[in-house]
Each structure stands twice: as C-alpha cells, then as structure tokens.
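What follows is a pair of complexes built around chain A, which joins chain B in one and chain C in the other.
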Partner chain A sequence: MAEDIKPRIRVPQSAKKDEIIEIKTLISHPMESGQRKDSQGKTIPRKIINKMTVAFNGKPVFEARLEPAISANPYLSFFLKCTQSGSLEFTWTDDDGSTYKATQAITVS
Partner chain B sequence: MPQTHSLARIICAAAASLVLLSGLTACDNKQSAGANDSEVLAEYRANPKYADRITGDKFSGYVFASPETQAMQDDDFENPGMLAVQDGEGEWGKVVGSAGKSCASCHNDAKSMKGVAVAYPKYEPKVGKLANIEQRINLCRTENMKAPALRWESKELLGLTALVEYQSRGLPISVRIDGPAKPFFEEGKKFYYTRRGQMDVACAHCHEANAGMNIGVENLSQGQSNGYPTYRLKWQAFGSLHRRFEGCNEEVRAQPYPRGSDEYTNLELFVAWRGNGLKSEAPSVRR
Partner chain C sequence: MSEPLHLPKRQSGLNRRQAVAAFGAVAALTPFAAAASPETAKKALSDLVKAEPKAGKVQIKTQEIAENGNTVPVTIAVDSPMTDKDYVKAIHVVADRNPQPGVASFMLTPANGKAEVQLRMRMAETQNIIAVAEMSDGTAWTATREVKVTIGGCGG
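Presenting the complex of A and B:
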C-alpha cells in the first residue's frame, strides 16, 4: 500500500562553536503494531519504523530503537553539541526494509 | 380610558425596546468591546499575547487553551494538524474519476484556494442548500471529476479540507447570511438556542452565557469554529467540526445528528457567523 511516508526535520542552519542545539525530527508513519485485527478478524501485519539513526559527517551521533507501542508519526528530538561544520544525515528504517532519508548541512562558526 | 391605558403601555414598551436596541448597538461597537466581559474574559483581553485572537466580543478557542496546547499549535513542526495538510497535498494532485481530473487540473496550485474557506459554509445553488468545505469538495468530485464522494472523516477528505482551510490561515472569517443563505442561517440559529438531551441545555448555555467559566476541570470556550478542522488532543486525531458537534451533543446526552447532515451544516453557518472577523487558525490544536 502506497502510504505517504515523509520525514521532516528541523535543524538550525548555523550555530556557534560548542553551542548546544536542539534537533527535531518527525516522520509520518502509521506504526501498525501487529496487534490489531481488521473487520474480518484477520491480524493486520506489523509495520513500524524499528530504527532511527543520525550521523554527523558519517559518524553516528544518535540512534533509537523503536518498539510497537510507539504511536503513529513518531516524533523524536535530541540535543547536539556542535564542534565543526558538516552535514547531518537522518535515516529511518522500516520493518519492510525500506529506508527513508533526510540530510541537512549545518555551519558552525 | 382603557384605550389610553394600553396606548401608554405601547409607548412605554417602545421606549424600552429603543433603550435595548441602543444597548445592543453599543455592544457591537468596537470601542465598547470588553464592556460585557466577565472577570476571566477581561483577564484574557488584557493579555497582549491574545491581541490577534480576539475580535470585538469574540474570543478564539486558542485563548482558552493551555500554554502547552498553544505552543503545539504555534510551531508548525509540532502541530500534528500539519500532517493532515501534507495528506491533502498528496491528494490534491491525484487524478481520480472517469473525467480524468485531479483537483489541480482546475485549481492549479492549492495556493489558489486562499480566502475561499473563510466564506464557507455557503449557499450552493447546485444542491439548493448550504455546503461547507467538505461538502463542496465532494460536490466537486461527483459533479466535475465524476469520482465517488469521499467518506466523511476519511483521511483523504480531512486532508483536502485541511489543505484548503490552511490556505486561508490568518484571514478573518467572513460568511454571508443574507440572500439565499438566510433561511438556513435561521435554522442553525434555532438549533443553537434549542435545549436538547437529558441535560436539557442548548449550545448557548455553555458557550454564550458561561464562556470562560469552568465546567468540572474544563474551561468553557466560546465555541468558535475558526480553528477547525483541528487536531484534538482528546481524540488523539485530526477531525472535523461536525465530529466536534457530535461530541458536544453526546456530552449533553442528546442523540447526535450524522456528520454532514443538514442540521449540522446549518449550525456550522451560525457558529461561523458568530465568529465573523476572527482570524482563521486552521489547522489548530485543541484539547
């Protein structure tokens, strides 16, 4: 089923050196738990984002493992201390193996 | 003698109604806005944060929301209603129906819908009654796109409604109640002031007489519709104004009308008119 799965991120464009910045992420996703049944009584197969990783210049800085109890459209935010300019890469991994990606550059002065 | 007596009475009554009338016009006058405020409403009015959310004696639901809920609405990133707008964007360009058209085929970019939503519900000559945005979208689908109407409260219809409403965000609500819309407006008004349910209360008892007061732990709003469709925390979902009406009716233990019924669309016009001039906040976040 073609769901409209779209990641959204909010990262400040620039930051001062050693400044602590907040990164916000959200992905529109049904997060089907695998516990529900449809009107025919058949189990709706599990389909969740099971992993979310963030890398800064290729180096992992944040990783989260998501479980079926997490509600739809998971929103994750975290803080990051910036020491150099570079690009943040966000990757969400789906149960069916597909990945959704987003990147943004950040300038540290 | 009895005749003069009754004449004097009539004159008295006329004088009294004149006083009443001038009193009413004074309420409508912007300068005296706030004269009828209760203590709570006066406090809200004094807060500069709400300057944009209050027009005359009309208070947006935003004012009555908790700071956390307000923060959620203020930031488009955190506002879950924006996900519905995103759904709508996906639907906007989809070709459906035997006419081989999408919304975009006629209306181009969704931005062309700016200012449209604030004038709805509106009299629709094609059906001979009022249509709100949801009904107008479905009319477009069945008439112009030759596609089946979307189910009320479906992800697709909510998304498209949110997308259209979103284009008018920040514009003042300006529905018309004259001309062919008049009888429907009167119906809506009657609904608003009719007691119903086991609780035997009308909409007006909570939202007109007691706005700003507490009912249990809840703070009663004026019941303005300028933020709809909305992401409602109680539902944990995005929903339409008619779903909210249904909830209100259930709360007074009355039998609700179906979503999309004429009764609710007429009521929607009355409620929108009550908020004429308030700025649209759709998609908003409400508790």
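Presenting the complex of A and C:
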C-alpha cells in the first residue's frame, strides 16, 4: 500500500567545506520480487523500487538502479563531497510508476 | 558441481539450530532452481559494461557467512580520487546463483568525493557477488567475493 511507503534519510545537517559525508537512505517497501507464489500457487507480481535518484541543488549526483535481488526496505548509503550549502533531493521510483520524495538541507561552513 | 564436496564439512558441525536452518533453506529454494549461473552473470555484466574488466581497484566488503540470505549487507568500495578528470562512472553488482543475476547499478559523479556504496541484498544460496566499476577513462575493474548463505532469501 502506497501510504505505508515511507522514505527515511540520514544526512548530517552541517558540514565543513570539502568534507566528505556519508548519506544513508532507507525506504520502507516490500520489494516484492516476482518470484514468490501465494497460497493458491499463483505468482505474486513483481513490485519493487527500481530506481533512486539524488540531486544536489537540482544537479544529479547519484543514481541507483535496483533489481529484485535488493532486500525489502531497501537501504542504500553513499558519500557526498560538500562544496556549498544547498538541498539534497531524493526520489524513489516504484514499479507502478509512483514516486516518493524526500529533501534535506545541508549547511556548509 | 562442487556442492557435494562442501556437504560433509557442513554436516560435521551441525547442531539442531543449523539443521533446522539448513532444512528451511532447502525448502525455500525448491521452487526455483537457480536461474542465474556464472555464465548468465557474466553476460549480464558484459551487457552493462563494454570494456573488458581487469581484476583490481574494487573491494567488496561483506560477511563471509550470511545467516540470513534475506538481507546481506554489502559494501563496494572503488579506489579512485573522484576528481572531475578521474572518477568512477558506475558500479554494477551481480550475483551468480540468484533467480536473476542483476542486483543493482550505481551511477556516480565527482560530487560523491568517495566511491563507496552500501546496499542490502537477497541471496538465494551460497554464491559469488561480482562487482564491476566503470571509470571515466573507459577502463573497467572487477572483484568477486563468495558469501556462504545459511538460510536462502528471496524465495519466501
């Protein structure tokens, strides 16, 4: 259910200039692989988060394309070099076309 | 097949919990005999990366034995200065004994500062994780890491 899908991100709110910070993300999602069968033996259709994109001040900085081999509640972490203050925008794309968004401001001193 | 060779070793230290776990793994795996193989995994990678990857620069950090194949944390780190002139463009991850070989692809930019990503993946059985890094100069680097899985994930 779409309303259960909640993105969570952990980003340091402030950083020194040129500091490399770790960005951790998690989105609660079943990541139905399309391999499982229900009690009637019918295949449960695939429904996963297939993409996460991250932009900093509108410029793409990171993208992940995911396959069914990614665990439920997909967790991803990566790094970012802080050159200026700005906002990080995260977008997750579901197999059904819906997108989930989160943003976080970073102050660079 | 190398599988029968591993079996006696596994049985020797079998306690009750592991026995139950091993049974669960077999039950979970029966619906799909692994569709991915080292060959399909290799093909999936060659479809993604044009350059022939050389061994090196890529490091796969994960546990040697995964008790729960449903969620295995894996860190991929690539040796790169991540400057505008020399950076990692993409990191591709595949597994060679899952129902499908693909795991994830990451597109990186110099803004990342450090070429390291962490993910959590499903592993149906004991198998190799293969990572390939595509560099901005067109070269490709690879690493392989075996993970032994006690209870397979992704069957359900």
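One rule holds for everything that comes next: the second predicted complex is superposed on the first by the 106 of 109 C-alpha atoms of A that agree within 3 Å, B and C clash if a C-alpha of one lies under 4 Å from a C-alpha of the other, contacts with A are read in each partner's own complex, and residues count from 1 in each chain.
Just so it is clear, a residue touches a chain if its C-beta (ideal position, glycine included) is under 8 Å from a C-beta of that chain, and two chains touch if they have at least 3 such contacts.
As the structure is a prediction and not an experimental result, all values here were calculated from the model.
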item: Which superposed partner A:28 touches (first chain B, second chain C, both, neither); value: first
item: Which superposed partner A:4 touches (first chain B, second chain C, both, neither); value: first
item: Partner chain in contact with A:37 - chain B first, chain C second, else both or neither; value: second
item: Most chain A residues touched (candidates chain B, chain C); value: C
item: First, second, both or neither for A:69, with chain B first and chain C second; value: second
item: Contact residues of chain A, present in both the chain B and the chain C interface; value: 71, 75
item: Of chain A, residues touching chain C in the complex; value: 20, 33, 35-37, 56, 59-72, 74-81, 83
item: Residues of chain B defined as touching chain A within the complex; value: 77-78, 80, 83, 86-87, 90, 236
item: Parts of chain A lying in touch with chain B, wherever the complex brings them together; value: 4, 6, 8, 10, 24, 26, 28, 71, 73, 75
item: Chain C to chain A touching residues, read off their complex; value: 31-32, 70-73, 82, 95, 98-100, 102-123, 153-156
